[in-house]
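Think of it as A, B, C and D in the order they're written, each chain with its own count starting at 1.
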Amino acid sequence: MKYKATIHIMPRDEILDPQGKATLLGLHNLGLDDIGQVRIGKRIEVEVEAKDKQAAEDKVKEACTKLLANTIIEKFEFELN
Amino acid sequence: MKFGVVTFPGSNCDHDLIYAMRENLGQEVVHLWHKDHDLQGCDFIFLPGGFSYGDYLRSGAIARFSPIMDEVIAHANKGGYVMGICNGFQMLTEAGLLDGALLHNASTRFICKNVHIVPASRSALITQNLEHKAYKVPIAHGEGNYFCTPDVLKKLQDNDQVIFRYCDENGRITDAANPNGSLDNIAGVCNVGKNVFGLMPHPERAADEMLANMDGRKLLAQLV
Amino acid sequence: MSNQVSTPVTAEIAAKLGISADEFDKIKEVLGRTPNFTEISIYSVMWSEHCSYKNSILQLKTLPKKGERVLAEAGEENAGLMDIGDGLAVAFKIESHNHPSAIEPYQGAATGVGGIHRDIFSMGARPIAALNSLRFGDLSLPKTQHLLKGVVRGIGNYGNAFGVPTVGGEVFFDPCYNINPLVNAMSVGIVEVGKTASAIAEGAGNPVFIIGSSTGTDGIHGATFASEDIGEDSESKLPSVQVGDPFEEKLLLEATLECIETGALVGVQDMGAAGITCSTSEMAAKGNAGMDVDLDKIPTRQENMEAWEILLSESQERMLFVVKKGREQEIIDICKKWDVHCEQIATVTDGGMLRYFHKGELIAEIPAESLVLGGGAPVYVREQKEPAYLKEIQKFKLSKVPEATGEEHLEVIDFLLALPSIASKRWVTEQYDSMVGTSNMSTNDPSDAAVVRIIGREQAVVVTADCNPRYVHADPEQGCALAVAEAARNIVCSGGTPIGVTNCLNFGNPYKPEVYWQFAGAIRGMKKACEKFGTPVTGGNVSFYNQSESGGSVFPTPTIGMVGLIEDAFNKKMSMNFRKKGHVIYQMGRMVEDLGCSDYLYHYRGIKHSPAPYLNLEDEHKLQKALLKLIDQELIYSAHDVSDGGAAITLLESAFPNNMGFVIETP
Amino acid sequence: MKYKATIHIMPRDEILDPQGKATLLGLHNLGLDDIGQVRIGKRIEVEVEAKDKQAAEDKVKEACTKLLANTIIEKFEFELN
């Protein structure tokens, strides 16, 4: 069975997000002052071959913890369909 | 020709370029600040290498909206000369002054080393009088993988807009000589009007006798 | 005192924060009362090994630090400072970020680079070169590969974005570093004599500003964290890893140098370990002044942070400026130009008392002098004991080593060339921008040490970082002298004259007598070698508690950062590569039958215990002076120092750059 | 009124995705061979101050088209709540 997983990886809340900070500065340079609190992370789309949904979930979880997310400074969640 | 080099927050090759143009090529060079709206009467504007805004979001994406860029775009649209080196090239694609985009290197790693490039365009100021051979010029980037859609590539080739391609030391254009996966080994392009140039390698880093490589000076000398 | 912080602190709480019973008593004596939680937290970071050097300062004081070029002696300022003539001075220092890198390699290494550069530009010097000395475990292990990739990418991304070329250093692999890599970062900067800034607070009424990033909870207890063993549970110390922003640091650099140029600053210090606490107390103590600090004025990244969190936070890219009263606006305008945050958070007072206020309450009141190295911080003498492995070393007999037969020679050379510590490091170094600043003269003309020209001058500084930890493990005194000798030799082979040393002393747990025996021995070796080569030690860093998997410690690793000088760089720079067919190859220096601690014995023959290699400091100094004469009279084309892997590897390294070969006949 | 926008930016389908390709290689090196077709983009969370939902949507759209996404090589969509 082929599943499509969408993985969302964001910096942990208390961790500094330099990219978000610089982008906020960029938005304000553009005059878009009503936008604040910019946080930037990754969105990863993958296809997973697995016998059932549970097996697919386990595989995506393993991929995230082993490579896709740096669990020390990032948190991740994913949807499977 | 009066040259201007723009400093953005995070630019770190601005002084190198000013030094090369002023000390090595004896040109009049003015230091421009990204927050100003005044090009101080310069004929030729350089957008230097570096990590403007930390290269966050996309290299050159945020710098593209610095106040001075309105004047740089107007200058270019009037036919005035503009050249972006490395980060400056990325800014020009973000600003739509040059076609295509610079993606992450195929290796996904930053690369700093000497490469060889061979001139292509016969009608661009920077290449038209250059001898057709390999020039050793260093690169230093993480997002130098030139990309454009097939129709744009055809347009660039038909209009003689590709200025340099990566090659081996004998000038042969090979996959092995392509350091970052760029389409058609493209290292630099210019616009249709042949007045806006973008180049990933750093000629200003090979322009001084002290550094035992002068190939970059030959390229910059074409602009004088 | 507000109630929230006045809950009495017990000896148990103090102990949990790393404060011993005696130290706790001494604090009560100094304050004349029991400290509250905020105050004990301040003492815990300021009296940690990392900040106080309590177990190493007595040894460090024996090192030579005088010299006619020395403008700032070890311990006086953020970095060493030496005069290089014609009104210019060179500032340089090396520091470690081992423990954070073991947990989060990318950010640990990146923030190490950021911190060492801040030490340089807080002196008013513009960094022109960076080096890093890295030590990892067995490269075949996935964990080592993970650490190597993260550390190199972190150093590259930070250094490249900050815009200072990474020009040299070393990468060394040995199983003793499997769980505790060593990440030592060095920075070298240039400043006009008289235009330097000092890390001092003085002049009652002068305003004190925090410049740069806002403060968050990252890196809390980074200082005490570095004073603990790394074990499997280290992962749980999550919030102790700081995150770096090289873009903010580049703005901070330009703003800081511009502010120093105005002359409106009394003092500058960067915020490293123990953040606001360390900078406020060290600057105040140096000026025999006090400070009233209002924590509410400090820009924070998170809401309702505790007072002690604000005080101990090690958020990166922050500086403390003491500004001359009345000239604040000049500083505020420069910071605005560079989009750098700038807030007044304190005022200098007379009397040497630090007073911290939070939500309008006085929450900590401590004499500055009592906190700092050279003031009230404790100083200890540790027990020393010869380690048992020395007997193994004494058993070594050269005659018992099997002779390599004729056919085996090529096999041995191929084997040595493939060793990760010897093989090409291009995979690492090409991730660093080594050319920004157009001053690295070794890019197209490789040399043993990096030759970095000073723009607008004929001079060049010559920089290197060296240490073979196996030699130091076999014989700390001889091994450390060898490290200094090799650094000097690398500089001389590049045409430079050695002028000064900074050191990064990576050792195990100082409370283990065997470790302290290694530490004291290394200091003795460094002392005699630095005296012989006339290179005073201008400062550096001590990193204890570097553990190995077995619970022991990593090899003793006193990394030597050395700076040299070439007056006429264009003509007198020397490179290491063969140039033309027909040139004759000479070996300088006495040939001694000695395989001690060689890669051949250790890796090929698997002999893990052998004595440190031969060294005669007098001969070594004569050889280096003779070589400099040959270079000065332009009698030779290249020079390359024989080190790891021996003469065979040295010859190959000289041949590779220009695709040359060579013919030698052994006697 | 304060709204929270979650913006999803992915490389256009025909665009080369070097990071996706390298990450796929990384996953296979870890033995996770059942995962394929890796595409990597950005997830950006922002707060928007606007008088109503429509105004908030316009502001986010403007931020995306002007800065957050390079519409030549990327496509974007966002949710507002």
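Here is the rule we use: a contact is a pair of C-beta atoms (placed from the backbone, for glycine too) under 8 Å apart; a residue touches a chain by one contact, two chains touch by 3 or more.
As the structure is a prediction and not an experimental result, all values here were calculated from the model.
Pairs B-D and A-B differ in how many C-beta pairs touch across them, and the larger number is found at B-D.
Centroids built from CA atoms put chain D at 28 Å from chain B. Per-chain CA centroids place chain A at a distance of 33 Å from chain B.
Centre-to-centre separation between chain A and chain D, using Cα means, comes to 10 Å. Mean C-alpha position of chain B lies 36 Å from that of chain C. Annotation for chain D: residues touching 2 or more other chains are 42, 66-68.
Looking at chain C, one finds that residues 245, 247-248, 339 touch two or more other chains.
Annotation for chain B: residues touching 2 or more other chains are 53-54, 56-57, 61-62, 65. By the definition given earlier, chain contacts exist for A-B, A-C, A-D, B-C, B-D.
Interface of chain B with chain C (complex): residues 9-10, 12-13, 15-16, 19-20, 35, 49-51, 53-56, 109-114, 138, 140, 142, 202, 204-205, 207-213. Taken in their complex, chain D has these residues touching chain B: 14-16, 18-19, 21-22, 42, 66-68, 70, 72-73. Per the touch definition, chain A reaches chain B in the complex via residues 18-19, 22-23, 25-26, 29-30, 40. Looking at the complex, you find that chain A touches chain D at residues 8-10, 20, 23, 26-27, 30, 32, 34-50, 59-60, 62-63, 66-68.
If you check the complex, the residues on chain B that touch chain A are 53-54, 56-57, 61-62, 65-67.
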